[in-house]
Amino acid sequence: MRAPDRAGQAALEALVLVERDGFRLDVRLTVPSGGVLAVLGPNGAGKTTLLRALAGLIVPNAGRVRVGDRILDDPAAGIHLEPQARGIGVVFQDYLLFPHLSALDNVAFGPRAHGVPAREARERSQAWLTRVGIGDRAGARPAALSGGQSQRAALARALVLEPSVLLLDEPLAALDAATRMDVRADLSGYLREFGGATVLVTHDPLDALILADEIIVLEAGVVTQRGTPQEVSRAPRTDYVARLVGQNLLRAASLRGLAGGGSALTLAGGLEVSSADEPSAAGMLAPGSAESGPGQSTPAAVFSPSAVFVHSARPGAGSPRNVWAARVAGIEQHAAIVRIRCLTELGGHTVLADVTPAAMGELRLRPGDQVWLSVKAVEVHLTAAA
Amino acid sequence: MVGYEVRADDRAAARAAGRAGDRRGGGVPGALWVPAVIAIAFLVLPLVALLAKAPWGSIPEQLFTPEVGDALRLSLLSALAATALCVLFGVPLAWVLVRSSDWASPIFRRVLRALVLVPLVLPPVVGGVALLLLLGRRGLAGQYLYDWFGVSIPFTTTAVVLAQTFVAMPFLVLAVEGALRGADRRYEDAAATLGASRWLIFRRVTLPLVAPGVSAGAVLCFARALGEFGATITFAGSFPGVTQTMPISAYLALQSNPDGAIVLSLLLLAVSLVVLVSLRDRWIGVGT
Amino acid sequence: APAGPDPDAVTGTVVVFAAASLTEAFTDLADEFEAAHPGTAVTVNLGSSAALAQQLTAGAPADVFAAANEAAMGVVSDAGLVRGEAAVFARNSLRIAVPAGNPAGVTGLADFARRDLTVALCAPEAPCGMLSARVFAYAGITPAPDTLEQDVKAALVKVERDEVDCALVYRTDVLAAGGAVDGIDFPGADEAVTEYPIATLGDAPNPGAAEAFLDFVLSGTGRAALAAAGFGVG
Amino acid sequence: MVGYEVRADDRAAARAAGRAGDRRGGGVPGALWVPAVIAIAFLVLPLVALLAKAPWGSIPEQLFTPEVGDALRLSLLSALAATALCVLFGVPLAWVLVRSSDWASPIFRRVLRALVLVPLVLPPVVGGVALLLLLGRRGLAGQYLYDWFGVSIPFTTTAVVLAQTFVAMPFLVLAVEGALRGADRRYEDAAATLGASRWLIFRRVTLPLVAPGVSAGAVLCFARALGEFGATITFAGSFPGVTQTMPISAYLALQSNPDGAIVLSLLLLAVSLVVLVSLRDRWIGVGT
Amino acid sequence: MRAPDRAGQAALEALVLVERDGFRLDVRLTVPSGGVLAVLGPNGAGKTTLLRALAGLIVPNAGRVRVGDRILDDPAAGIHLEPQARGIGVVFQDYLLFPHLSALDNVAFGPRAHGVPAREARERSQAWLTRVGIGDRAGARPAALSGGQSQRAALARALVLEPSVLLLDEPLAALDAATRMDVRADLSGYLREFGGATVLVTHDPLDALILADEIIVLEAGVVTQRGTPQEVSRAPRTDYVARLVGQNLLRAASLRGLAGGGSALTLAGGLEVSSADEPSAAGMLAPGSAESGPGQSTPAAVFSPSAVFVHSARPGAGSPRNVWAARVAGIEQHAAIVRIRCLTELGGHTVLADVTPAAMGELRLRPGDQVWLSVKAVEVHLTAAA
């Protein structure tokens, strides 16, 4: 049943432009065979719209969608393949299992629609249900399935057709935290076995980090960043991505090289930030580059909240070259760490700092308190923010 | 292996899809057009036949008479009044029907619903007789109205409205019942936790939520009341200006002047369609 | 196409379109005709005369038409559908109908002008309404009706239920209503008589049997049955 | 995210456990009981009056005649056939009506829907005339049927079914339209991505999803067809055993034997209620 | 409208028994004034059912609900106060904002229902909308609000009535990851200001850890654990909780004290686990105790995945007293760490181990590989599992 030579032909290449009601989606993406592309973005960014266009459920205004050597969409040439003829499997955000059919009949629906005899379709479907671990729930209606079971059934329904492209719309969003971990691990397994191209929509960065080879970040219809999970988490280009991956991102008004190596950024309000990186690092748009023209790039400093030290009194001269006066704006108690949200006195920039509960106990901070933050220049990296 | 060959008709389908935008997987399949067009033809062609046979030359003289004006006014007013009564009494009935599931046995609800269907099944003339037996001068209830208050309902415009209400009520009740059944009751829960009394919840939460169902039911009611003939003439009689509605005029004309009857029916139809089409948008909400 | 007429072979189905007021009389007649002519079957289509005329002009396949007035027969013969001439086979005249026991104490036509009584008349468009108008014109009375019914039966229902104090209906109807209604004669009733014409139809599918049925209605047996129902014959 | 529909078995459990169970914020407020009870009384009391005046002594002899048996059989069969036709043609029509929003202007849909309401507004007798004018032997279409095929529709059982279909169709179309409008179209999208043709999607996804709406519409159709009188007697005539349905029998009985007419109507009513109440559960699904 | 002396009287005390369709809910809980109790549990555990019972939307079969000195429910005594009369604010899982009313009118609904004049109700509502940060969206219908804005409006709608008890059903579940962080921080602020008792339902442990003073864990209708966030995360009593807080939990067949101090557990299959804790530690049911009878408690070992060292060859004798042969069952790549799922050779117990990507690079592990796991006895704590 498995296509023997799918490699190569399953690659997905798409340029999708959709315009409606003042919303504009403009995305270019490429997924190699066997690759998993995660599309990350806030509510309303256009993630579902993108998937619907790839699935053929929306006719794009312009662009081009190609799978292997088949053109699926080319509005300029008047080409639009119906969803039925695309060979693209979709797992919808809320699964959309047919409520009147059993799990087995849901999975068998696709093969039956392709003319597979009933008996064979049911056997094949049962095999897939077993494979995703719910072989014993084959007779249950969707209403009787738990969230995790529904997700697996929806996955089986898409995979039984052996599509060359698989689209997943927030496949884990409806699951509770514990089920979610299991399903995420299983999904990771299926995707590794699956030979086609996968596009995974999510707004959970953890999903993207664990499941994807590459990430594109979609904000308000345009791609603001693309790169491997590591690249994106290391060098966020937008505040959204920075918040998502838990980094501080400070945009500079100006950037200059320092005589002794490294560079200095001046931020709005006059805040100075030093980095050990050479200024040229901020110009390197290669991995994390956005679609938007290069003119929109701003040099920026990126550093982890755990690299920020918090002092209740101004620290003496020492190795950290960055020392900023700030005020505590908020405190969040996490399991193992305490995250402190500070506003710098110069320019009012938000800086997050993670400290251990023990340190917190010594500092005895409350919102509004004055603090000093220090960050070693070697922990501060330069990047090009959008 | 399930194959995904590019089929010859793919391109044709693609071109047909044409302009950009949402295209739904469930576009109208060709096979459905055939019965749909037959159905439309079946509903529309008799009307065309009526129009074809209408004596167009004599229409002005048929229509612009005070009698026709009276009948038309009476029809519209009584149908509107009946619709109002249906809404006023039918909405609570629909509500009891749906919400009785909280405390009543299923049998109770099935019997109640069956009773609501009675006026639909009863031949209208028999319905009129039943109303006479109930509210007539010697009727079950009517005799007391007459003996104690000197009130006699038959042969009054009130009787017309009651007859129309009787036959139209099921439409409202069933339409609202469906809407209520589909409404999310958790909004009512939310309102209760905010301290709203049941009555306030009904007025400010439930009713707005089922407004489209009420409107749809009211449209059906109005149409049915407008076309009512058998129950009206039996219960209310037919006196020009008081109880002679358009359908009764048309029926009477049929006996002496069939062409005139057709003209009257077409007028009734035209007026009611104008009312329905023009009310629709404000009534039922945009996009309906 | 139907076979040519054969006056000797009276077989098959005879389709009779008859005014609703003839219901009982013609139901009896049909039975007797079938008994007299084994191998025949009579089907009677009952309705208001005007509706029947409408159906016939629209091409209804009928053998015989028995109408309650000349107007309805006129519509059919004007359309060229009648074979030969229509013959009058029965007469009907009006009577005052009051609820059993005559609670309002109606005595004659003059009471129809009383405003304190509830009075039902046939609508002027209906055959009985035309007849009533002639009666009142003759008597010089202007009636004050509360309702103008679409036909005699509608008026009669209201008398039976005691919803009206009096109505003007056919004699045959008073008779058919049995004890539920009392009839009151009034002078001049015979001045306004409606005549029931009958005819065979040009397109009759079974012309032989049609002729035979028409003859049967006009025969002694037929007249007896009609007289029993209260019609004037002869 | 989890819906909290109160299900039948839930209620049973609650009752078994005493007073415990879901109590909804929107219990029936007292103020609504008054109009609801009036509405029920208004629908039920005329029926009670009919029952009270029925000549119980003579019922057996009135009912157990071959003619009544014929009329009853004809009524039930023709109403069922009409319901089947309504479903067969009305469901596609409702579908086109709803889905035409994808490609047609709003005006198109409003006019189409208005036309669907025509048989509702038209007095049934006039509807019968219109059918005669269309399908009669000299009718707009009927003349060709007759001249070319020798087929004449009026005064046949077919005509009865067509007349009933004509007056009942709007009920089915409007009920199904409402259900379709409420159905989640994304299930159809899902089916399309699984390779199902539009026709397969319609049969295996859309139709099962709106099944409750279709059933509700069919019940309305059946009830309306069963009570149909005016259009039937005009278009189909009243031949015993062929076109004389129960309402027509009742009407004719009214000529000679008014009490008999009431008995016939009550019989019609009883039979149809038995049919509706017994079919209901299997037809409309549990909990409806 | 603000209750002047709410302290003390707002404490919520409830024993709720609900039975239906074979599902049985049996929960006892107490929340002091100003306290936040988090109810954590998997899908279908009965969390929403519990809140509905507290709100008066379900009549419990038995039990007792008291707020301050008012008895709200006492089925035995025939007492059941209607939701309208309870003075309990509810924020529903999907908000349930009235779709036909503007945000402002949604908030004003409660005051209006309490007879506050229209003008005053609107002013008060506007003030609350401003306070939760969506003062400018007052005129918008719910359909036009984003997820985060809806959540805030629902919160304002509940808080404007100044209830003595606030019930929140998964208030963050519908939000995207970035919005979620903000709203969580804001919510934390409101709850701190709110003087009444709060019950917060969630299946995200992070919400519970950040927002709550106390946690109860609900599984299949019964409380399986209760305690402070720290207690629960340190000593999970069930596999569900252990997975949720990311700890390893190994149940022992037997437990004995060791001569030199500490204790040894023997697991199914013969696996031996040493702990530095004294055996008595496993008997201490106090903070993490469950409702279920003491007979159901099993001594168990708890340790963090980060305390597990992974070796590709058997380690030499050394300080870790626990060395187990195991096989790699799965590998998950997270942002900063790699989580390895191992099955011990004895007994097939699942043990999670976290290693740095650098260490992972050296180990070059693949599923199925043989490894040795070592854990210092001092990192292994004893607890009483359910």
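Each chain gets a letter, A, B, C, D and E, in the order it is written, and its residues are counted from 1.
By our rule, a residue touches a chain if its C-beta (ideal position, glycine included) is under 8 Å from a C-beta of that chain, and two chains touch if they have at least 3 such contacts.
Chains and their UniProt names: A, E = Molybdate transport system ATP-binding protein; B, D = Molybdenum transport system permease.
Please read these numbers as outputs of a predicted model, since none were measured by experiment.
Shared contact partners of chain D and chain E, listed by label, are A, B. When every pair of chains is scored by its C-beta contact pairs, the maximum goes to B-D.
Rounded to whole angstrom units, the spacing between the C-alpha centres of chain A and chain D is 54. Remark: chain A and chain E have CA centroids separated by 26 Å (rounded to whole angstrom). Centre-to-centre separation of chain B and chain C, using mean CA positions: 36 Å. Of all residues in chain D, those touching 2 or more other chains are 1, 4, 22-25, 125, 129, 133, 139, 189-193, 195-197, 205, 254, 258, listed in ascending order.
For chain C, residues that reach two or more other chains under the stated contact definition are 51, 54, 157. Counting partners per residue, chain E has 52, 56-57, 83-84 as the residues that reach two or more other chains.
By the touch criterion given at the top, residues 15, 17, 20-21, 23-24, 43-47, 51, 54-55, 57-61, 153, 157, 160, 176-177, 180 of chain C touch chain D in their complex. Note for the complex: chain A touches chain D at residues 52, 55-57, 82-86, 88-90, 92, 96, 98-100, 109-110, 113-114, 157-158, 161, 174.
Remark: chain A residues 42-44, 146-148, 175-179, 181, 184-185, 188-189, 203-206, 209-210, 229, 233, 240, 243-245, 330, 332-335, 341 touch chain E in the complex. Per the touch definition, chain D reaches chain A in the complex via residues 1, 184, 186-187, 189-197, 200, 204-205, 208-209, 211. Against chain C, in their complex, chain B makes its touches with residues 129, 132-133, 136-139, 152, 154-155, 233-234, 236-240, 243-244, 248, 251-258.
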